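Okay, got some structures for you below.
Two complexes follow with subunit A in common, the first pairing it with subunit B and the second with subunit C.
After this line comes the complex of A and B, so read on.
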């Protein structure tokens, strides 16, 4: 057996001297050229396990029991020098975030060369030649030039190619990929997955692919093992496991994955016809101001055009989904409507009245009627205020309630969002990510808004938690008749919540219409590409061959230097 | 890259002009002019208004402030700070010796403090939260908290009085030979670097701990790169960037410390000259000394910025175009 773990246990200190187990008795095996997916939600111990396979633990944790054998040799028994000789040579890692995983002050070449020189003792020139070959193998355009570049000069997708090239430098037998595409856009992810599969075929490398995304694992891995709380709950062939999951947790995970084939939300009430829309946007244009000092004698640089000629309506009780990848301008639209950015060109009408000012200059009532919820609840909830104070604030400010009334109402809201009233006295940090986001939603609904803007509100959540939050949002919307602008990069999520959808790319509308119609018959190739990238292969797990080569415009844009992270 | 450097130099120059304006205005706002300030009550009792007006005209003080400013600035930029009010000697001649001595002090301090602080910072980060870190970190807090007049006098007591190795005060002429200056510089330099080393090593330790916990260091470790190479090739240059930023700000504060040290040791430098000139009400010398001090701070900041440009390709090769 190439790689085998038996009863592996990894503990970490909880601050009081006691050890808690992050990985609790994991046994798995991998043979030459095989692919194994490790799936699980945040905190299940999958990243800790991945590092332990390389006899590495992060500070604060340590391996407390079990073995990791490569070709029968227990690498945990090796001294540090012996472990280091294995890392990068026999087993290599592609870490999660390509944007932070390369040393910013060293050239791409220097970072690949050092691995070759260390493990294979190559000369400077030989290492350089091999690095350029490796970069070429990852389908990097102009590898010799990239060798001289610095990380910040490449896009997120390109940087992930560099990290993969560095991992493959010494032709390791095993490649461990820890959420390698989670920080990337979906279309970029598709290309990276294809690259990984190609390289695996070419070099015969065995893969361990760690991800929270069952869809990605279905695309790449022959076998899967599902982890929960440090334990493996189910393991087997990917296709068979997805077709007939044995464990209840696996079934729950599979059910929770939003699919682009899910039914659209059912909206009661008459179809909006001649009623006035809550929000009407006509020919919205927005250009960011150019950065840097305005120096005399130099022509003023033009800012980036973030949104071009965008028009749409949202009626009461309806949801418009705004879809796009990083840099598409979708968050700019939200910021302009909510007033976080000053108004741009075009007209934004809210219940018939044009919105002409930034939020700070809008009336209190207008601010009440438009509420916004952000991606990261921890940074949008004041850490010094209890949940009760957070929820009471809009009630007291907008409705003039006295503290007793406000607290009672805050309690009711919390229960409506399926949290116990006792949580009123907790602080945001004491809540789980899903609970935090429910508090953020409850705060928005506390203002009884006419329009709620949700900007990637579930992107940071685990799928099972996301499912619950979306259910709550849908039922709350049905109850209050609030209109919703829902921004997401996830087409499955959009399908679940939105009646209408707009697909944005580089600030321009690529497709628009009822969600069912657009998803069933996309007109623009970009929409087709996004749908292909989001297509659930869980229900019909094909052989792990990735999708066709996507169109070439999303990956190679180093000029913007914003990476492909969903922000 | 060139444009980034030129922009920084241009900005420094702009700051320099603003500082000169401020220095000039500060002496201008005071009631009376340079002559009134320089003359004693006895002088005023003797001199007639006609004589005073004559002296004013001779010194050019009867011209409008703007003209005098331009005149002063154009001189200052080429090192000509005019003449003293009382003796008529060129300010440049008076200020040159002290300036050289202060620069000597600053250069010696930098040459000793920076490498020592780096070694200490690396040691503390390497053995983070263990004995060497605890010792070094405690020492740093003590060192940083000690005011220069305390540490300076303590060093004099130890190494000049109890163990008479070094002279307690400097009795040299302002333009003594360099070698003699080096010997007497030991105690003043030691006084200044106690605080500097403490502060700089703390900064570096913090930056290094942060970069050693970064994703890129973990990636390099998982690629089997030896730990020594990770520290010195990956982490140290990365941690120098924030350290230099903070160190440049620290230099401004250091200037006041140098004034104290020069007073404690009677070091014939710019700080001592400044204090003496204030006492003697030599307005033109005060202007020159303050201006040169500001130039020093601006140069140190410029050097820090240029080092950052050299270290950080994100600054050097901005906005993603290679």
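After this line comes the complex of A and C, so read on.
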């Protein structure tokens, strides 16, 4: 067996002597040329496990038991010098964030050359030739030029290629990839995944691929092992496991993955055109000014036309999905409508009245009727204010409630978002990511808005949590008839919540229409590319009669028929 | 506002408190500071003689009547020593409090408004930092006259620039957070955003700033008194006592040593306590020190 762990335990101290186990008795094995996916949600111990495979633990944690054997040799028993000899040559790692794993003051070439000269003892010229070769092997365009560049001059996908090239420098037998594509756009992810598969075929490197994304693992790995709370709950061939998961947790994870093939919500009500839309955007253009008003919340790209000729309507109770990758201009649209940015060219009408000014110049009523929910739930809640004070603020500002009324109403909101009233006195850091985002949603709905703008609201969440948050959003929307502009890079999520969709690329509309129609027959090649990247490969061989499993929460919104979804 | 700060602290407190109680150096610092505060508060009721009363002959040796002997004018040395920290500590406390409040306000304004306001505030800060403190004091005190009021003003002026810089730097890390954007979208006023969204997030920093500046300010006031620019005789004051005793250092060294010990224990105690508490709160006490 090339790599084998037996009963591996890794604990971390909480500073008071007691150890908590982050990895609890994990045994797994990997043979030459095999691929193993390790799946699990945040905090399940998968990254700690990955580091331990290289006989490394983060400060504060240590390996408390078990073995990691490479070709039968227990590397945990080796002295530090022996471990160093193994790292890079036998087993190498590609970490999650490519920018933080490259030194920013050295050229790409210098960083790869250094590995080759140190580990392989190559001469300067030979190292340079080899590293250009390696860069070329990662399908990097113009590898000789990249060799001379600095990390900040490369795109995210290129950086990740560089890190992969560096990991492959000493021809390791095993490559451990820890969420290597999580920070990348979906289309870039697809390219990197293809590269990883190609390299495996070419060099015969065994792969351990760690990801929270089951879809990604399904694309790359023959075998999968699902982790939860430091333990392996299920392991087996990927296809078979996805077709017939044995463990309830695996089933729950699989069911929670939003798919582009799911039915999009069907909403009752007047057909668009009969009534006045809540929001009508006509020929919106936005160019980031060179200089001008400084708004600290948004990236400033000087003089760039971020949005070009965008037009759409959103009717009450409906959801428009805005899809695009980073830099597509989708967040700019949200900022203009919400009033974080002053309007550029074009007309934005809200219930018939043109929106002209930035938020501070709008009437209080207008501010109340347009609410926004942000991407990172922790950043959107003031860490020093209790949940109660966070929720009471809009109630007091917009409805003039006194503290007692506001607190009672805040409690009702919490319950509506399925959290106990006692949570009013908690602080955001004491909440889980999903709870934080539900508080953020509750704060937005506290204003009883006519339009809610959701900017990547579930991107930072685990799939099972995402599922719950989306359920709540959909049911809240059905209850209040609020129109929603839902921005996401995830087509599966868009399919789940949006009845209409617009695909943006570089600020321009590539595709638009009812979600079902656009997804079924994309007109633009870019849409087809996005759909291909998002296509769920885990469904293809699913068994026809999946065992129905009770959902952890049962408030399925009208229009989202859970029974029809693949389980 | 107050409620939210204390609430936030109580949430984070148990762990920080445990760490403080576990660190001996921090506890030593806290005990020293508490002892000084208690002595300063109780001194008027426990001293055997009035601090300015000519109770005996000059340079009487320690004995039954005068526990630590008498000074150059025949005043009871123990009484003067116990009273000697009160004025210094009061001046430092009020001066630093003014510096903290003004510095927090200006620092938050600089970060929140940015642009021209930021430029004006920060260039004034740069100007202040470019002038050595001792020079500033040497010009201001003779200029405005030697009084407790002027002394407090000078202390506030010396320390406000550092507070502005630290608060602004911290506020700039809060600025891009979405909860600030959410407040803007609610239409909150600038003052309300600064008080509700920013201030609670710099509150623990301000506590540490306060403690650091306190120890530095106590030393500064004492130095000024020593140089004759601070507290005027016949008020009992450690700095002044050292300066009065320095001429007799060969014959009666205790006249210098006692007030020096008093001053040292207070300042060292403050530094130990500050560093321990700052560590427990996860802040870097040394960062503020450098900017003085």
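Criterion: the second predicted complex is superposed on the first by the 528 of 567 C-alpha atoms of A that agree within 3 Å, B and C clash if a C-alpha of one lies under 4 Å from a C-alpha of the other, contacts with A are read in each partner's own complex, and residues count from 1 in each chain.
Methods note: a residue touches a chain if its C-beta (ideal position, glycine included) is under 8 Å from a C-beta of that chain, and two chains touch if they have at least 3 such contacts.
Note that the structure is a prediction, hence the values are computed from the model and not measured.
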| request: For A:59, select first, second, both or neither according to whether it touches subunit B, subunit C, the two together, or no partner. | output: first
| request: Applying the touch criterion given at the start, work out whether A:476 contacts subunit B, subunit C, both or neither, answering first, second, both or neither. | output: neither
| request: Please indicate which partner A:427 is in contact with in the superposed arrangement: first for subunit B, second for subunit C, both, or neither. | output: second
| query | When the two structures are overlaid on chain A, which partner does A:103 contact: first (subunit B), second (subunit C), both, or neither? | reply | first
| said: For A:340 in the superposed arrangement: first (subunit B), second (subunit C), both or neither? | reply: second
| message | According to the stated criteria, A:509 is in contact with first (subunit B), second (subunit C), both, or neither; which is it? | response | neither
| query | First (subunit B), second (subunit C), both or neither: which does A:443 touch? | reply | second
| Does subunit B (first) or subunit C (second) touch A:376, or do both, or does neither? | second
| query | Does the superposition put A:362 against subunit B (first), subunit C (second), both, or neither? | reply | second
| said: In the superposed model, which partner reaches more residues of subunit A, subunit B or subunit C? | reply: B
| said: Quick check: in the complex, which residue numbers of subunit A touch subunit C? | reply: 294, 296-297, 338-340, 359-360, 362, 364, 367, 370-372, 374-376, 379-386, 389, 393-394, 397-398, 427, 430, 443
| field | Of all residues in subunit B, those that touch subunit A in their complex | value | 213-226, 229, 233-234, 237-238, 241, 311-314, 317, 319-322
| said: Show me the residue ranges of subunit A that touch subunit B in the complex, using the header's touch definition. | reply: 51, 54, 56, 58-59, 84-89, 92-93, 95-97, 100-106, 111, 114-115, 118-119, 145, 148-150, 152-153, 163, 166-167, 169, 558-561
| field | subunit A-touching residues of subunit C, taken from the complex the two chains share | value | 4-5, 7-8, 11, 114-115, 175-182, 184-188, 196-197, 200-201, 203
